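Structure incoming, see below.
Each chain carries a letter (A, B, C and D) given by its place in the written order, and its residues are counted from 1.
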C-alpha cells in the first residue's frame, strides 16, 4: 500500500508544520528573524508542488474521479471508536488543496514584503505556516475527528493572527471574539460527530459513504438531525447569519492575514465541509433548503451593510460574507459544482482585492477611511488597475471569473425553481440577482472613491513601515522611513497580485468545465436530487432562450447597471451621493452601524451571562460556603450551650452529677418496668 | 489448697508494689540527702519487679470462674502488664514533679538555724509511694472477682490520686482541683457503693460467679431480672463511670486536669480510666448471662453514656484556650469511644452462640483493651511535652501561645507532640487509627451503625481542636518568653511514648493478638480449644448476630 | 517467566518516605538538591515498572501484564493478621499511569520551588516527599485500609504546606481544607468498615482485599448499596471536588505555595476520582447505575456553574482553581457514562488535567515570584516583556481548554462522546449541556490570557514591602527590565509541554492499555445495566429503574470489537 | 428465696427505706451546705446510709457477706476522713476560709 504514488500527498500538511517549528525557533533571535519568510514560502510552495504531483492519481485510467485513503499513524483508538491520522484524497480535496496552497504561496510572498521590518515577523510566518498545516489537514482529513482537529486548528491560527498586534486592545478583543464564536459553531459540529458515531458506529468518510449509500431515503429522525448540527459548525466557521459577527472585527489583523484566512481559505471551510458530507445532507429533506435560505439571507444582509461602510477592509469583509452566502445558496440547491467553482474564483479575486487594499493602506501609512482619500490613480497606477480587475471579477462583469461562477449558481437556483415548480427557489434566485446588483454597486463605489476624482489624501497616524503598526512609544527597533507621500509598492509585492489578477480574469472561462468533472468525481456529487447543472433537464427555457444563456445576459446587464450607478454617484457627481445619503439618513445610519448587531449581542448575551457569572460567584461564596461554615459551626453551638454547666463551683458539679444519675435511674425504672 | 492461698499466689505483683510504696515512704524520711532522693529509683525497681511477677505469674492453669464476661486470669495479665509498662513511662515523666515544689527545696536547704532539716516539708518519698499505691489499686481492679474486692480496689486507686493532685503544684489551682476531685470522687463512690449494695440485696451474694448463677437462673426460667438488680447495676455503672469521666460524671475532669501538674494529669488520664473500664467489664460480666432484651436498660444506658460523652467532650473541647483543658475534654471524648467497644462487648456476650475466641474484629473487649493502651501512649506523649515547657512565671505551659512555635524551637518535642496529637485524632499511620478500626469494627459487627456514624463524626469534630494544638506548635511565631527545660528522663519518656505510638500503629499485630487472647471468653478458656492459627482460620461459620441495624 | 518485580512497588512507596525523613539529617543548603534527587530516583523506578508492565510476556506481543486487565506485580507485607489487614501492593493500567503522573510531576514541583522557598526549607521538602509517598501509596494499594491510610495521610503534609508556606489567609485555608476532607473521609471510613463487615458475614473471614470486597459487596441489596455509595461519595466527592462540596478548593489553591498548588491540582484531585473509579463502580454497581444520572447532573452543573464563576474572577490563581472544578466535572461525567469510552476518557482526563493545570500553576507561580501579586487587573501585556513565558502560558491555556492536537482535547472529546453514547444510563442532554462547558471554558481562559498575556503592557507596581521583582532591581521605566524565564524554569515547563503534545497526538498507547482494566471495572455496572441481576437484586427492581433505549438501531456501537482503520 | 430465719420482705422494706432516706439526706446535705467539713460529714452520712441497707440485706439473706462489706465500708470511710481533714487543713492554710465557693477559679 505504501508504494502508491498518491501517498506522497501525506507530506503536504507536515511541511508547513515543520516550517512552523522552524519559524518558531527563528522568533527567539533577531538575526534569525529574517530567515522566517523564505522558509514559510518554500514550505507552502513545496506543498503546492506535491498537490500537483498527487493530482493525476485521483483519477482512474479513464478519467473518472476516485478516492484514496492513505493512512499515516494511529491517533485515537478506544473501545471500537477509531479516528486515525489518515487522509482521504479525491478530486474535491485536490481543488481545495490547489486553492489553499496556491493562494497561500502568493499571499506569503506578498506578506514577506508587507510585514518586512515588523517586530513579530517570525511569529507571523510561524502562525501562517501553522494555519496552512491546519487548513490542509482539514481539507485532507479522512474522518470527522481529524476534520475537527483542522477545524479548531484554523480557529486557533485565526486567533493568533487577528491578535497579532497584541498591543492594541481592540485586536485582542477581536481575536477572542473570533475564537469564541467559532467555538459556538464547533460545539454544533462536535455534537454532529457524536450523533454520527452513535448512529453509524463510524466516523471515517470511506465507511460512512458506504453506509449512507445503503440508507433508505426516508432516514430516521436522529439521522435527519445530524446535518442541522453540522450546519451550525459550517455557519460558525464561514461567518453565516447568526454567527458572522466575528469576521468584520477580524480585520484587526494584518492585511495578508485578512486576505489568506478571512477571504480565501478558512471561511470556505464551512462550504467544503457541507460539500464533503453532501450525501449526509441529502438524507434529510429540510437540510438543504435551510442552507439555501440562510445563504441568501446572509448575502442580502451583508451586501446591504457593505453599502454604507467607509473602512475599505470592512467593506471587503462584508462582501466576503455575502459571496459565502452565494456559495451556501449553491449548495442549498444541490449544485455543489457551482458552489465550489464560486469558492475557487472568489478565493482569487477576493485575495487580490484585499492585498491591493493592503497596498493602499501600506502607502498611506495605515489610512483606511474612504472619506480621507480620493484620486489615488496618479500616485499608485499599478495598484489602481489591479484593484480594477478584482472589482470587475467581484461585480460579475461579463467573462470575468466571478461572472461565470455567480451566474452558474443563479442559473441552477432558477432552474431548480422553475423545473421543481417551487416558488422558494425562484424567490431565492431573484434575491440573488438583486444582491448581484448591490455587489456591483458597492465594489465600484469603493473603487471610484479611492482612485477617481481629485487627488487629495490624509496620511494615517501610524508612521513607519507596514500598515497599522504598533502605537508609537512601543520602541520598534527597525529603521523608520518617514514617507509623507503615498508611493507605489515595490515589485516583490505586486508580482503575486499580477498572478491573482490573471486568475480573477481567466479562471472563470478556463475552469468552469474542469470544476464540473472534479466535483462529479468526488463525494460531493449529488446522488438523490440529481438536477445537475449539466445533467438532464436541458429543456428549461427562459424568455425563449436556453436558461443558462438567458441568465448570462441578465447578470451581465445587472453588473453593468450596477457599475454605472456607482460611477454616477461616486465619480461624476459625488454631491448627488451626499444628497441621497442625507435624504435616507435614518437608513444609512442603521446600515453604517451594522444594524447595531454588535451592541445587540453584547447587551443580550455577553452582559447577562457575565451578570449570571457574578451571581453564581456571590451564591457560591455566600450560600454554599456559608452553608458549609454554619454546618461547621453546629458543634461550637452545642459547646456554647453546654458551657454554663462548667462554671467551676464544686456544688454545681455535684448537682450536675446527681441529677444525671437520678435522670438515668428514673428513666430505667419508668421505661422498663 | 485453700482458695484464699491460691488467690494470693496471683497477687505477687500487687504485693511488690505495696512493699515498694512502704520503702519509698521510709526512704523519704531518712536522714541522709542521698537516701531522700532515692524513692524514684525504688519506685522504678519495684515496678520492674512487679512486671516480672506478672510475666511469670502462672496464667496457664485457668480457674473455672463460671460466667465472667472474660476469663479473669487472661484479662488481669494483660491489664497488669499494660499498667506496668505505662506506669514506668509515667514514672519517667513524673520524676521531676516533687523536685519542682518550692517547699521541698526550702525544706532541703540548710536552714538558717544551723542546718536543721524539716522532715514535714519533704514530699519526695510520699509522692512516689502514692504513685505506687494507686498503680497497685488499678492492678487489683483487674483481678477483682468480688464486689467488696472491687470496691476496695477502686478506692485504693483513687485515694492516692487525690493526694498526688493536691501536692503536685504549689499553685492554688492544684489545691482547688484536689478538693473538687476528692469530694466529687467521694460522692461517686457513695453512688456505686449503693449500687453494689442493691446488687447484693437482689442476688444475695457479692461473688461474681454466684451473681452470674443467680442471673442465669432468672433468665433460664424466663422471668425478667428483678428491678432491684437492674437499678443496682445501673447505679454501679454510673458510679464507676466517674473514674472514666463519662458523661453524667464528667464535670470534674476539666478543672482537675487543668489544676494538677502535667505528669500527674497524664497519670489521671490513664490509671483511673484503666481501673474504671476493667471494673465495668468485671461488673457487666455476670449480668451478661441474661439475654439481650432483659439487659436492654443497661445497653441503652451505655449507648446514651457513649454518645453523650463523645459529643460533650468534643463540643466543649472546641471552646477551650487552655491546652490541658482541651486534653481533658478529649479524654472524656475518648472514654465515649471506648464505651462503644464496651457496648459491642455486651451485645456480643448477650447474643446466643456468641463469638468464639478466633474472632477478632467482633470482640468489643479486646478492642477496648487495645484502645486503652493506644490512648494511654498518646495522652502521655502530649502531657509530657506540655510538662517540658515552663512559662516566665515558672508555671507550666497552659495556653496555646505558651507552646507557640514549639516545632521550630525544639524540633524533637514538636515531632513528639505531632505524633501524639495525630494518634489522638486517629489519623492512619498512628496506633489511634488501628484502635478506631478495632472499636468501630466490633460495633458495626453487632449492628450499631448509627453509633459508629456518630462516633466517626465526633472524631471529625475532634480534629478541630487537635489542629489548633498542631497549628500553635508549627504555624505560630516562636514565643520566646517561655523556656523549654527538658530533663533527660521526661524526654526519654515522651520519646518512648511517641515511638510506641508509631511502631504500634505500623506493627500493631502483636498487641491486637495480645488483646484478643486477653479477652478470650471464659468457656473458651476452660475448654482448651487449640488457639486458632493467626489470620487464616479454617472455614467455620460463626453464628452471626442478626444483621438488623439496631441503633 | 522473566523476573516479575513485585518488590518494586513497596520500593516505590519507601523511597520518598525514607528520603523525606532522611532530609532532616542533611544541612540546609543541600536539602533542595537531595529532595530533587529522591524524586528523580522514584521517577526512575516508576519508569522501570512501566516498561516491565508493557513488556510482552514470553515473546507474545499481545500479552503483556496490562493486557489482562487485572492486578499485576502484587506483593504483600503482613501488618495485622487478626483483622486481615496487610500492606498489599498491586497495579493495573489505571494506577500505573497515575503513579507515572505523580512521579513525573514531583521532580518538576521540586525544580519549580527552588527559588520560591527560602525559609524553613527542610520542612517544606520533607512534607513534599512524604506527600509523594502517600500519593503513590494510594495508587498502588490493593488493601482497602492501606488505601484509606494513604488517602487520609495526604491531608497532613498539605495542611502543613498550606499552613506554613501559604500567603495571607493560609491558616484559614489549611484548617478548612483539612477539616472538610477529613470529615468526608471519616464517613467513608464508616462505609469501608460496613463493606468489610458485610464481606466477613458472607465469607466468614475479615479481609480488606479490594477484589474480594468488591465481589462480596455486589451481593448487597440496593438499599445497602445506596448507603455505602453515599459514604464513599462523602469522602471522594469532596476530594474530586464535585459541585456542591467544592468551596474548599479555591481557598486552598490560592493560599497554597506554588509547589503545593501544583501537586494539589495535579494529583490530589485525582485521588477522589480514582477512589470513585476503584470503589464506587465495582463495589456498588446497582446503586451506581441508579444514581449515575444524579451524580452526572451534579457534574454538569458543576461544569457550567464554575465556568461562569471563573469568568468573573479577579485573582488569576482563583480562576485556575475554579477551572479545575469545571474540568473535573467532565472527568466525572465521563466516568458515570459507565461505558469503555467514557471511563477511559475519564482516566485520560485525570492525566491531562494533571499536566496542563499543573503547568498553569507553575507559570502563575513564576509570575508571583516576580511581581508578588495575582491580581489580573494589576498586570497586562506580559508577552511584550516575557515572550517565552507568554508562549508557555498560551500553550498550556489552550491545552487545558481542549484544543485538538493537544492532550486536553482527547480527554474532553471522548468524555463527551462517552456521555453521549451512554443513552441507557444518562440522557442525551448531559453531553449537550457539558458541551456548552467547552464554550465557557474558551471564554474564561481567553479572558484571562487576553488580560494577562496580551493587551497593553502593564507591570504591577510592588507597593507593598516585597523586594523588587526578581533579582533585577532596575528602576521602573515604562519597561521595567523584568527577567524572562531562566534555564531552570524553562526546564520545569518543557517536559510538561512535550507531554501535552505527545499525549495529544499519540494517546493510543495510553488508551489501549487502559481498555482491559477499565472493562473490568465497568463490567459489574454493565451487567446490571444488561439486566442480569446480582445477589438478591430482583430483575424487575433493576430493569424498572433503568429503561434500555430500544430506539437506537443499527449496530449500537457499545463495543464493536474490530478496530477498523483506513488501509 | 432461701428459706431462712431472715427478715420478712415487708420488714426489709422498712430498713431499706431508712437507708435510702439517710443516703438522700447525706446527698442533699452534701449539695447544699457551704462548709467543707460539713460537706465531708454528709458524704459520711451517705456511706452510713448504704451501710444500713447492707446490714438489712445481710439479715434478709441470712448470710454475713453484707456485714463484712459494712466493715470494709467503715474502714474506707475512716481513710477518707483522714485524707479529707488533711486536705481541708491544707485549704484553710491557703485561703483562711472553709467556704466551698471560694474554690471556683478554674472554670470554662
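As a working rule, a contact is a pair of C-beta atoms (placed from the backbone, for glycine too) under 8 Å apart; a residue touches a chain by one contact, two chains touch by 3 or more.
From a predicted model like this one, the values you see are computed outputs, not experimental measurements.
**Q** Which chain is the middle one, judged by CA centres?
**A** When every chain is reduced to its C-alpha mean, the one closest to the whole-protein mean is C.
**Q** Could you work out how far the Cα centre of chain A sits from that of chain C, in whole Å?
**A** That pair's centroid distance is 37 Å.
**Q** Rounded to the nearest whole Å, what is the centre-to-centre distance of chain C and chain D, using the mean of the C-alpha atoms as each centre?
**A** Computed from C-alpha means, the inter-chain centre distance equals 66 Å.
**Q** I'd like to verify one number: the distance from the centre of chain B to the centre of chain D, where each centre is the average of its C-alpha atoms, in whole angstrom.
**A** Chain centroid spacing, chain B to chain D, equals 26 Å.
**Q** So what's the Cα centroid distance for chain B and chain C, whole Å?
**A** About 44 Å, centre to centre.
**Q** For chain C, which residues are shared contacts with two or more other chains?
**A** If we look for residues of chain C contacting two or more partner chains, we find 179.
**Q** Which positions in chain B touch two or more other chains at once?
**A** In chain B, 179-180, 183, 187, 254-255, 319, 464 touch at least two other chains.
**Q** Which residues of chain D are in contact with two or more other chains?
**A** Correct list: 27, 30, 100, 103-108.
**Q** Of all possible chain pairs, which ones touch?
**A** The set of touching chain pairs is A-B, A-C, A-D, B-C, B-D.
**Q** For chain C, which residues are in contact with chain A within the complex?
**A** 179-180, 244-245, 247-248, 305, 308-313, 339-341, 344-345, 381, 383-384, 387, 398, 403-405, 409-410, 413-414, 416-417, 420-421, 423, 431-432, 435-436, 438-439, 442-443, 446-447, 450, 453-457, 478, 505-508, 511-512, 514-515, 552-561, 563-567
**Q** Spell out the residues on chain D that touch chain B in their complex, using ranges where they run on.
**A** Within the complex, chain D touches chain B at residues 2, 16, 19, 23, 26-27, 30, 36, 39-40, 43, 46-47, 49-50, 53-54, 56-57, 60-61, 63, 65-66, 68-69, 72-73, 76, 79-80, 83-84, 86-87, 90-91, 94-95, 100, 103-108.
**Q** Contact residues on chain D for chain A in the complex?
**A** Result: residues 27, 30-32, 100-101, 103-108 of chain D touch chain A.
**Q** Looking at the complex, which residues from chain B come into contact with chain C?
**A** Touch residues, chain B against chain C: 360-361, 408, 411, 422, 427-429, 433-434, 436-438, 440-441, 444-445, 449, 452-453, 456-457, 459-460, 463-464, 467, 470-471, 474-475, 506-509, 512-513, 516, 534-537, 539-542, 544, 547.
**Q** Touching chain A in the complex: which residues of chain B?
**A** 179-180, 183-184, 187-188, 191, 227, 230-231, 234-235, 238-239, 242, 247-249, 251-252, 254-255, 296-297, 300-301, 304, 311-312, 314-319, 461, 464
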